[in-house]
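In the part that follows, the structures are each spelled out as structure tokens.
Common to both upcoming complexes is subunit A, partnered first by subunit B, then by subunit C.
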Partner chain A sequence: MTKRTLKQKIPQAALYLWIAFFVASPLVLTFVLSFFSRNARGGFSSDLTLHNVLQLFDATYISILFKSLRLASLTAFLCALFGFPIAYVIATSTPKKKLYYYALLLIPFWTNFIVRTQALRQLFSPAGLDLALSPTVIIQIGMLMNYLPLFVLPCAVAIERLPASVWEAASDLGARRPSIWIKIILPMLKKPLIHGSLMVFVPALGEFVIPDILGGAQGFYLGGLISEQFLKARNWPFGAALSLLLLLSAALIVFLQKNNSPKDIAGEVP
Partner chain B sequence: MSYLEVRDFSKNFGDFSALKEINLSLKEGEFVGLIGPSGCGKTTLLRSLAGLEAPSSGRVLLQGKDITAQKARERPFHMVFQSYALFPHLSVRENIAFPLKVAKWSQLEIETRVAEVLDLVRMKSFESRPISSLSGGQSQRVALARALASKPQVLLLDEPLSALDPQLRDDVRAELKELHQKLKTTFVLVTHDCDEAFDMCSRVFVMNHGKIIQEGEPEEIYKNPKSLFVADFLGELMSLPLNSLSSPAKQLSKLRTLDNEPDAIYFRPEDLSFGGEDLDISPDDIKLSSHICDISFRGSHRRLLLEIPQLNQKVAAFDPHIEETRKLGDPIEIFIDIERAFLAHSERCQ
Partner chain C sequence: MRKLPQAPRFLQLLVLILLALPFIPILYTLSPFVFESGFTAFAFKKLFAKSELIVSLFRSLKIAFLSSILSLVIAALAAWRVEKHNDRIVSLTLHLSMALPEIVLGLSLLLSYSLIGMNLGNLTVALAHASFTYAFASLVIRSHAQNLDPKIFEAAKDLGATPFQSLVRITTPLFSSSLVSAFLLCMTLSLDDYLISAFTSGAGQDTLPMRIYGLLRYGFGPELKAVTLLLFGTSLIFVAVGLPLSMGKKKN
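Entry: the complex of A and B
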């Protein structure tokens, strides 16, 4: 009896330790660090201050936050726009083709994304596109390219799970294609569409490598700002405060989405 | 004139021909069953009636009018899917209202009709429930109500009972029969369970390998199967090789034969009677001696497994006597009813 419970307890304890060590403690450290002060040698001292947090409300930083929010939400939107048809084609193709499409989607991950992004830049410059297009547009293209699979994969899985009989039933009951899409299929896919967009939005909010490579001076977003505080300016406390801002913005968006989306239907028994 | 007619209907999926020149004709208001083993084409035929499968060749006529080219949404037929295919994001009421909305009924008409069909399937109190809160039986009623809402001319039922608990099946069978009597709509049922089809349908079509191999009233085809396959599919069938029987040729000549070169005698458990008590044994019945090697209690009767030592074979029989008078190992004389048994060639089962 005791042996058995011990057997169950060990992996459970390992899991909690893992979460405590790799998830909770960095968060706590970041939180604490953002109230510390910077010292003269580029380290930090434990003199508590609100300076870092108050500095966040500076117009410069607020505008960078909004710029990042715009980049992330536009990336999520574009990924949904282009990703949904791709996911639909993949999900509804024959098993053999499906494997092939999934491979096409995943093979880019075998190369480092910095290399991929750099390659995109190489692709643009000889064609003169880097001068013709604004850096913001080029950054957006790079973001779309890198984040698209993050949307397509979960979305394709969700579409695959839609039973074919639902479409057939709607058609058998007299509905035409457009109304089957609008009244049945899209509402049934609402949740995976939102989840897929969040899968893109949250990491895109902190992205700093793609804007840096593709945008040069224009490519300065929240993620870039944070990395600069830690790596160049050596202002760790302010970097921590910015990280906290990033975390809270992402959490707020996820929270808003959760409250706005229809409640889990299963929970709503009168 | 027949109400719904299928003429020389064939359907191929690549190299595989799922339906081969099907001919079928239904009268208005009939409750018919399509039965057969899995892969026999019964579901494909039902889906073809619904318009979900286009034929490779052949026609479908409704009251003499060719509707082969009509798509599923244009046909006045609705289907109850095996998985019910309810719309999970809509409530019970919205599910049932769906076909009425797309047919552009007025709001008032929709409300009246939804209430009507919900009443018909006894689900009135579930009107605003979400689909995910329904049990299997309730989902099935909603699927039925949804299919009936816009008053289809033919209701198609694809294995409607297969996803239900066994206890529930009998209730639903009775309700489907009652519903059919009330509505007088033409019902087409697909099932692999002969019992179900026999119970509910006034006429059944037995299918195998994409063809209809026998049609008729349940009792008629059960008693007079045209082939060994049909006999075997419709119920438990046992056989004894003819060359092992010592019965005189005169006795055997009274049996029905299904083909020219019979080599075995076929019979069902209920065709066997026991010596010493049954009064309806005719002098021509084939007599065999055996002993009991297994008794299983089935509630309303006992099922006996009998070993015939002289043939080194076992047969099953029903013992209607509930009192435990027979014991394992008891010798027992059995008689095969020659009015009901038949002869056939044992390799003609397909």
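Entry: the complex of A and C
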């Protein structure tokens, strides 16, 4: 090994070590833990069991699971619905206007999200607007507001990268605006749109704080259930089993990205 | 490169309204500072009387600073591996880290810490924060790197710069703007985090968001409104500093 390659190997090894310690092994351990048994002292022992995984199919847990899946998929859908026009307007505006749009998008996003969510609760409380909305609706609004930038940022970058020549060619050949959108632009944006929605869906599936603050007693979702198992009930193996679905959905993102070249896998956080 | 046609006016207006909506709850919460005379002094007096809030604020700042520095180093290494060597493993890891629900990262790190017998404290929280912020920081650095001309580095080498000289005198200054905005992003993400901190912090060592969360049970008091004002102000400053820095590169 020459001196030069050695100099490159050391930082590379450091990075891989970091990934091994702080990304890979914690996830593998969590997976393994879901097959361990709980012991009497609130710890766990390495007797392998399927008990935790089977317990997931208990009616109570299934209903929480479905509730969470519905919340996360609706959030992803709404983020795409509202996020796409926002991303389009941002991507096609002049640099100066773009700066203002990004600032508007990011200032609330960069304000601590607990106080932001609490502020939303205040607004919808009887002392505030008093619209008598159901907690589920308020939770949904909170989720949309919190996750919207996660969709808009990568999507705006993807739209920005579309060459204008595509649009011009289509309109020179006589295509009307709606058909250019439906037949050309949207199919070209299929990958980033799916990716952006997943970037919302997966973290939203494990969301804990927003439903907890906005929903009160009705804000009990998968995230709440998992943290209860870990921080209160001290049933770590079952908590790990509950997070299997989250692990799997995160793995799905990686799987879908696998065939892209590393340089395509880009969004951008300004 | 020319872009798609600009959005029609009505859509631009609609988007402006949509983007303004999230400000309403925040401004509503902060309205007493404007409309109630003497509220500002009262709220901040209350805040400074709550020493545990101040203590947790400084703890959070310490953790955020430590984790952001660490995160920048890892993010730069990751950006280098992906951009220069097309490292697929690193690129997929970055992706995974961004998409992973916070709760999974929190519980899996808690599990690892307890297995290796690490005492929970500020260090474990800082490490945990770095293990998700680095992915976002790396994104900022990478998008900057994609806009740079690789010839600059070749030129430096041809002119006899050692790799170290090149790193200190060429690479770091070139990347300074994205490093600053990545740093601000890491600080924000770290200061914002509740869940991962809740899993990885030691007993009685609450971070600011944890402390706020705990206090919310007793209502949204004036001291919390003062904190909201401070955090909203910080966000304004961070966006004002960080955003032009990370957008500026596109003009070059």
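Simple rule for what comes next: the second predicted complex is superposed on the first by the 241 of 270 C-alpha atoms of A that agree within 3 Å, B and C clash if a C-alpha of one lies under 4 Å from a C-alpha of the other, contacts with A are read in each partner's own complex, and residues count from 1 in each chain.
As a convention for this text, a contact is a pair of C-beta atoms (placed from the backbone, for glycine too) under 8 Å apart; a residue touches a chain by one contact, two chains touch by 3 or more.
Owing to the predicted nature of the structure, the values given are computational and were not obtained by experimental measurement.
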| request: For A:L29, decide between first (touching subunit B), second (touching subunit C), both and neither. | output: second
| After lining up the shared chain so the two structures overlap, which partner does A:P187 touch, if you call subunit B first and subunit C second: first, second, both or neither? | first
| said: Looking at A:P163, would you say it contacts subunit B, subunit C, both, or neither? Reply first, second, both or neither. | reply: both
| Comparing the two partners subunit B and subunit C, which touches a greater set of residues in subunit A | C
| subunit B versus subunit C as contact partner of A:S179, first or second or both or neither | first
| said: Looking at A:W110, would you say it contacts subunit B, subunit C, both, or neither? Reply first, second, both or neither. | reply: second
| With the two structures laid over each other on chain A, which partner does A:L198 touch: subunit B (first), subunit C (second), both, or neither? | second
| query | Does subunit B (first) or subunit C (second) touch A:I62, or do both, or does neither? | reply | neither
| request: Could you say whether A:L48 touches subunit B, subunit C, both of them, or neither, answering first, second, both or neither? | output: neither
| task | Using the superposition described at the top, list the residues of subunit A that contact subunit B and also contact subunit C. | result | 163, 165, 262, 265-266, 268-270
| message | Which residues of subunit A touch subunit B once you look at their complex with the stated criterion? | response | 163, 165-166, 168-176, 179, 183-184, 187-188, 190, 262, 265-266, 268-270
| remark: Counting only contacts in the complex, subunit A reaches subunit C at residues 7, 11-12, 14-16, 18-19, 21-27, 29-30, 33, 82, 85-86, 88-93, 95, 98-99, 101-116, 118-120, 122-123, 128, 145, 157, 159-160, 162-165, 167, 185, 198-199, 202-203, 205-209, 213, 223, 226-227, 230-231, 236, 239-240, 243, 246-247, 250-251, 253-254, 257-258, 261-263, 265-270
| query | Which residues, counting only subunit C, touch subunit A once they are in their complex? | reply | 1-7, 11-12, 14-16, 18-26, 28-29, 74, 77-78, 80-83, 86-105, 107-112, 115, 127, 130-131, 136, 139-140, 142-143, 146, 163, 181, 185, 188, 191-192, 194-195, 198-199, 208-209, 212-213, 216, 220, 224, 227-228, 231-232, 235-236, 238-240, 242-244, 246-247, 250-251
| Which residues of subunit B touch subunit A in the complex? | 50-52, 71-74, 77-79, 81-83, 85-89, 98-99, 102-103, 128-133, 146-147, 150
